[in-house]
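Letters are used for the chains, namely A, B and C, taken in the order the chains are written, and counting of residues starts over at 1 for each.
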Amino acid sequence: MVLTALTVCAALLAIVPVAIITARSAHGRIIVYGASLAASLALLLIALASLFAPASTATLPLGLPWLGSHFRLDALGAFFLAVVNLGGAAASLYAIGYGAHETAPQRVLPFYPAFLAGMSLVVLADDAFSFLVAWEFMSLSSWALVMAHHRVADNARAGYIYLIMASAGTAALILTFGLLAGPDGGYTFAQMRAAHSDYGAAVLLLALLGAGSKAGLVPLHVWLPLAHPAAPSHVSALMSGVMTKVAVYGFVRIGFDLVGEPVWWWSMVVLALAGITAVMGVLYALMQHDLKRLLAYHTVENIGIIFIGLGLALAFKAYGMPLAAALALTAGLLHVFNHSVFKSLLFFGAGAVLNATGERDMEHLGGLIHRMPQTAFVFLVGCAAISALPPLNGFVSEWLTFQAILLSPQLPSWGLKLIVPAVGALLALSAALAAACFVKAFGVTFLGRARTPAAARAAEADRYSLAAMGFLAALCLVAGIIPGIFMDALAPAVASLVGQRLPTQSGVEWVSIVPIAESRSSYNGLLVFLFVITSGTLAASAIHRFASDRLRRAPPWDCGYPDASPATQYTADSFAQPIRRVFGTVVFRAREHAEMPPPGDTRPARLKVDLRDLVWDTIYAPLAAGVSIAADRLNHLQFLTIRQFLSLVFAALVILLLVLAIWP
Amino acid sequence: MALILDLAVQGAQMLLVLLLAPLLTGLVRKVKAHLLRRQGPPLIQPYRDLVRLLRKEVVLAENASWLFRVIPYLVFAATWVAASLVPTFRTGLLFSWSADLIAIIALLGSARFYLALAGLDVGTSFGGIGSSREVMIASLAEPAMVMIVFTLALIAGSTQLSTMASILISGEVGLRVSLGLALIALIIVAIAENARIPVDNPATHLELTMVHEAMVLEYSGRHLALIDLAASLKLLLYVSLIGCLFAPWGMAAPGTGIAALGIGVISYLGKLAVGGILLAVFETSIAKMRVFRVPEFLGAALMLGLLATLLRFVSGSL
Amino acid sequence: MTGLTFDIAHMLAGTLVLVSFLQLYQDRLYALLNVFAVHAFVLTLSVAWQAYIQSAPHLYVTAAIALVFKAIIIPVALHRIIVRLGIHREIEKVVGVGTAMLIGMALVALSMVVMLRVTEGADLLAREDLAFALSVVLLGLLMMVTRRNAVGQVVGFMSLENGLVLAATGAKGMPLVVEISVAFSILIAFIVIGIFLFRIRERFDTVDLQALDRFRGERR
């Protein structure tokens, strides 16, 4: 199994030279994206076949001569491989249509299959060396994709910050694996499992730093909203929907598998970070009016939700409550799957809008539901799914997380008893704010009237893009209606990590899900869906039959004040103003200034909104300033005289000899 | 036989909530009018309004989309399904296992999501005001509601409404501080969600004071009738919820006969009447808040819910 | 019956915490005084209930003192003072209502954790009542710290006293002499504060404490 997977990854890498050659030709993108689509589908099938099969390993004589590279495909790896390649297949299908508008295909096409291969190789890796090589390969190829349109100043800065954060993350991961390997230096994961490292706390914190920065935990998220929007839309979807999940895989592998038995206070750190991430992510997203940046910040919120599930699972595992840990872990992993599906869908929609209008800024869009009806429909399904509305899939993972929180009073620790209700409140708050965010995103972009001529002229997306988006939207609905199948697919992975699995869901009558016991709670998405559809159509047909079905078009009522200009509609900023006033004054120091010219002056009055990113100002800006100052001071070392250089060498030699003399 | 009876009870519940909703709205209006020393409209006026609206032609804005036309049916369907799952005169509804209290709240949340989209659809500034204020209120009311659900679920050991109602009827819970806090928080959330004074005035069309009315300003005819009916259903749902959870006496248990069902219906009607009168008295005795005082009001409800959940986490006897 | 008795005691203690939160929420002076009167009334009910279940008749006297002095006389007198000083405005706060309530929540959580850990082995219900009492004390302190207006601080001080009385009556055995001394100290404190408020008002035309800072000894 794993050898087949590796062969397909090698095939993906083999597409890269083909891409370099055919990039500028007319059919280049069809060849490259088509081949990537085929490879991703093959890997997806392999992953699905391996979900219930026993783990398979392989050792290849690549890499360091005396180490070799180990690869393994177990249940957890199969799940994440399936998630990665589902996203990859959808993105490849979408890109066949979207890539037609790409202005610099030679900068995008070669790196895309490399990116896909890198992500799959991270999930397959079974020793620290191949893991880190694949991780860096994934980061570098995505960096190259972010820099594809490097002439835009914002993109250049985004790529720079991305590179720095990725390097810092990899450094943390190197330290993590070093601590796990211990002084004997066993680099394979099997040896690390057996070693039972003493530095579990440091390992977990470093893993949070390394994997968390790639996933987007606050305060390590700053690169994400810069880099994700800068890349082409199908790559943004892959970075937000899939690469962050590879980072989650890294954390799960280290925190649940390699580090051994967890200690209870680790879960407190994870839960605290996750709760803050969830709320901060959605608050940032609400303040944005760039559609892709809004989606990128929203990824941060969903990563927070995933880590809440993971933190609860760690807590339950530390106290030896395997069924509850299985529930929490299932909730987190199901959200991994759900988020990759609907976030990819939303980024594809944003890409379609960008292609059709040339605009990413919501303040320049509007009324697109009339010009792009199918894109609008699938985007609406994505918005409803991400806002956790039944009967779609976002609600199922959120429901499972709430059920896991309701099991938490059994945890004996006082700290956890205090922090879990607070995290529950933060989760509920972030869910409500997410709904607000997507009312804004969909409403300002697609509804209303067109605010610019570009929006008024938009054309519908091509059929490949629509096919990819439609497939993902259908998957959202299916995963919401019959979630039991997906929960059962997760069960082997969950069982391997916490020692127990949830009861089989597929056999429950009427396709409900019953996570713990029938008497506790259950949910049936199919019935809810059928009830709503039936009562809606019943009402519609009854009314049309017995009352009236006449309709007449007229100008809008607007309380009798018809305004012709579309500029009087609510904009994205004005929609978010009440929430900005309630939450933003504290979290972002949001201040509004009205500059009023004196009477008689014909200049317009201006309203300026001042937002400060406190994370950047308190952590990164001082850090960058400190590095600058240190570099300035150390710069003096460049301009010493010969005598001073010689004295430096002399001093170093004397110090080393002193150390040698004094050291016992 | 038992299955047929259960099915009949569920069907009766669905029809009952649909028929009683406008009557509750009419009762509240009548009592408010009497408190203000007016006669007020007759009790059945909301039914007359609905029939009148249903028969009228819909006047649709020129740039309203297909979504605008579908949303009233969606909102009505979601609210009706949610209202049918809240036990009114009998616990143990046939389909209560398909959607627990969290799912019911999420259904109401989806109705609100679509209604906010409808406000933005026509592209007027009134719709924008309504939608933006509505999502601000929802961003605090919904977490408060979730915290209340947590408290109740931690007391009753389940999130299913029928199970909660059975446990609260049986009296083994007794008086709990967290139940008291949850009740106050639920009343505050119910007032906010139903757009009642002091959060929003259901009878105004002044721009400064509209929230719910601003979102549905462009609707007319049968669409407006459905949205009004959905709003009445939502009010009935919340009053039934408070009655089912905090005053559950009189509800029939599953498997009892027609006499117990009759007592259940009568006690439910009594609870609705008491709830309507109390709401009318409360609305008359307090003034509407400034818009930005509402988040503080709802923040208080969120804090109370959080405090109630915290007390349940910390101690079994609180 | 025992379960219900202690449940009612819990209810009354919890209501006292709730009314403390309600005090934090108010932004008008008259409303704050009314809520403080309710606070004292709930304390009366709680102490009377403790008197009933502990069969301690001297606690009825405590309850009566709380009712007469704190629920009636002091709010009415403060009302008069406000009218004479001419302060009818809103209460100026140092931090917003939302932040104050969040800090209040954290204080309640803290007092629950502290009390339930420190008093291990005691009767569970007494421990929880003590935790509520500590919460009321901390919330009273929070009110004193987050109000700029001297009247608001006086109310905070009074509610802090109420919390102490709740704690003392909850644990069995509060001799009457202690209660009389507490009541007199309240009275003296009130008279002193009232006199000072008048003096301050006469001299500086305001009772806003930030304005008074200008006249302190050394400049900072």
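Heads up, the rule we're going with is that a contact is a pair of C-beta atoms (placed from the backbone, for glycine too) under 8 Å apart; a residue touches a chain by one contact, two chains touch by 3 or more.
Worth saying up front: this structure is predicted, and the values here are computed from it rather than measured.
Enquirer: Determine which of the two chain pairs, B-C or A-C, is joined by the larger number of C-beta pairs in contact.
Expert: Between B-C and A-C, the larger count of C-beta pairs in contact belongs to B-C.
Enquirer: If you average the Cα atoms per chain, which one ends up farthest from chain A?
Expert: C
Enquirer: Could you state the distance in Å from the CA-based centre of chain B to that of chain C?
Expert: Each chain's C-alpha centroid was found; their separation is 36 Å.
Enquirer: Between chain A and chain C, what's the gap in Å when you average each chain's C-alpha atoms?
Expert: 49
Enquirer: For chain A, jot down the residues that touch at least 2 other chains.
Expert: Correct list: 418, 582.
Enquirer: Check each residue of chain C and list the ones that touch at least two other chains.
Expert: 96, 98, 109, 113
Enquirer: Which residue numbers or ranges of chain B touch two or more of the other chains?
Expert: Chain B, residues with two or more chain partners: 295, 306, 310, 314.
Enquirer: Using the touch rule from the top, collect the residues of chain C that touch chain A in their complex.
Expert: 96, 98-99, 109, 113, 117
Enquirer: Which residues of chain B touch chain A in the complex?
Expert: Touching chain A from chain B are residues 54-67, 73-74, 76-78, 80-81, 84, 95, 97-100, 102-103, 106-107, 109-110, 112-113, 116-117, 119-129, 131-133, 135-136, 138-143, 146-147, 150, 153-154, 157-160, 163, 205, 207, 217-218, 220-222, 226, 291-292, 295, 302, 305-306, 309-310, 312-314.
Enquirer: Flag every residue of chain B that touches chain C in the complex, lowest number first.
Expert: 174-177, 180-181, 184, 295-296, 299-300, 303-304, 306-307, 310-311, 314-315, 317-318
Enquirer: Which positions of chain C touch chain B when the two form their complex?
Expert: 3-4, 6-8, 10-11, 13-15, 17-18, 21, 25, 96-98, 101-102, 104-105, 108-109, 112-113, 116, 124-125, 128
Enquirer: Under the stated contact criterion, what part of chain A meets chain C in this complex?
Expert: Those in contact with chain C are residues 414, 418, 582, 586.
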